[in-house]
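Each chain gets a letter, A, B, C and D, in the order it is written, and its residues are counted from 1.
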Amino acid sequence: MIKIINESFDLENEFKRLNSSENGAYSFFLGTVRSEIRSLNKNIKGIFLECYEELAYTQLDKIRNIALKKWKLSECLIIHRIGKLNLGEKIVLIITSSSHRTDSIEACEFVIDSLKIDVAFWKFHLLDNGEKEIVPQKKKDKEKILKWREIIN
Amino acid sequence: MIKIINESFDLENEFKRLNSSENGAYSFFLGTVRSEIRSLNKNIKGIFLECYEELAYTQLDKIRNIALKKWKLSECLIIHRIGKLNLGEKIVLIITSSSHRTDSIEACEFVIDSLKIDVAFWKFHLLDNGEKEIVPQKKKDKEKILKWREIIN
Amino acid sequence: MNITLKYFSWIRVKLKKSHDFIELNQTTSFKKLKSNLISKDPIFQEIFSDKSVKYFLNLNELEDENKILNNGDVLAFLPPVTGG
Amino acid sequence: MNITLKYFSWIRVKLKKSHDFIELNQTTSFKKLKSNLISKDPIFQEIFSDKSVKYFLNLNELEDENKILNNGDVLAFLPPVTGG
């Protein structure tokens, strides 16, 4: 299941959707709004997430299908929020479920690493002075995805 | 935080305990009761978890401290249930939190892999006929931990 | 024929709009469209010279400059993504 | 002197008890205790010959057979663990 939504979500409820006694293992990755650039002497009060929804759904679907094919997963849930989010709020949740833990753990990492590089979302920092500042793509994220391309192909 | 408990727990509540805008990344591993041996023509109705609690707390504490030292984590929560559990019920939860995702993801996998091999819990299958059957340790789990011993030392 | 252009992230901010509907008199390649846009607004020079920008035509990445555009096409301008 | 023995998993099931309190007249090594237990109950032969069983003395793994046991010590018998 893939959801791009404005409102927040509850981890227990999302888990319940996937919960089945066929599975023994669930891996979650949860990304939240971090007060990162405080250290750069800027105060952020939140972020804004822009999205090309139509494209993002097809890109997430592609990533999810690769994961389902490559690993023995029974499910792969991806939720990504858009719009204005405050510090500490949830941005993204991946849950993968499988019989054995190695599948769900690896697949979960693959999905978040791919999402960071291949899906049409853009993050802006909302500064205290009212400005919006574009968040640049991280070099590390671009490098990390190369590892997966070798594994997947 | 480390908890060995009889009753179940709520994922959203456990997350809230750790939630801080210092973190951008949370990794969860959740293990549940799987109806695995159905395929072996046995029906299990649940599991029983035995524990040497005093020892398990010190062993979990040691694993947690290694994780906190090796990776840049702000927290590492470990919850393990004991006693009788039904199919689909939660057994174990690990949550690691960090600024950047690679730390929490790697540390979370290290903790569950270590727990499987180094902590005083024993699993029994509760069969339909009322028998308790001891679950054997998996060779795969013993092999997987060797990888970490190289990384940690 | 009509084509929709969609702008995201810094391109949207720079152009101060999220999309354009443009009319073309004849079939046009992506390459020709680029010159056309640059001649109307020099900001497009900056956009097209940024190699990190990707172009998606009807939700598929456009990699061939000579691709012919058709009536109803949606062409999106995507700076490097930063979700998650 | 008194020593507590704690049994887990199949050892507990086999012995049909989770612990024993034993009294010893003199200081004894772990090795001597083993012979002592085997002489009382042959099941211990099976336990001690299983190389996968680990022994924890006061929460620390016991690896030296000649370790001397002290009054109040807690010695636990641990088959391979299967939590998580």
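By our rule, contacts are C-beta pairs under 8 Å (C-beta built on N, C-alpha and C of every residue); 3 or more make two chains touch, one makes a residue touch a chain.
The structure presented is a predicted model; accordingly, all values stated were derived computationally and were not measured.
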Any chain that touches subunit D and subunit B: none
The distance between the C-alpha centres of subunit A and subunit B, rounded to whole Å, is 23
Quick one: subunit B and subunit C, Cα centre-to-centre, how many Å? 50
Per the C-alpha means, the centres of subunit C and subunit D lie apart by a whole-Å value of 75
Where subunit B touches two or more other chains at once, the residues are 31, 112
Which positions in subunit C touch two or more other chains at once? none
Chain pairs in mutual contact under the definition given at the outset: A-B, A-C, B-D
In their shared complex, subunit B is touched by residues of subunit D numbered 6, 8-10, 12-13, 52, 56, 59, 76, 78-84
Inside the complex, what are the residues of subunit B that reach subunit A? 10-13, 15, 19-36, 87-88, 99, 101-102, 105, 108-109, 112, 144
Along subunit B, where are the residues that touch subunit D in the complex? 31, 49-52, 54-56, 58, 80, 91-92, 112, 115-123, 132, 134-138
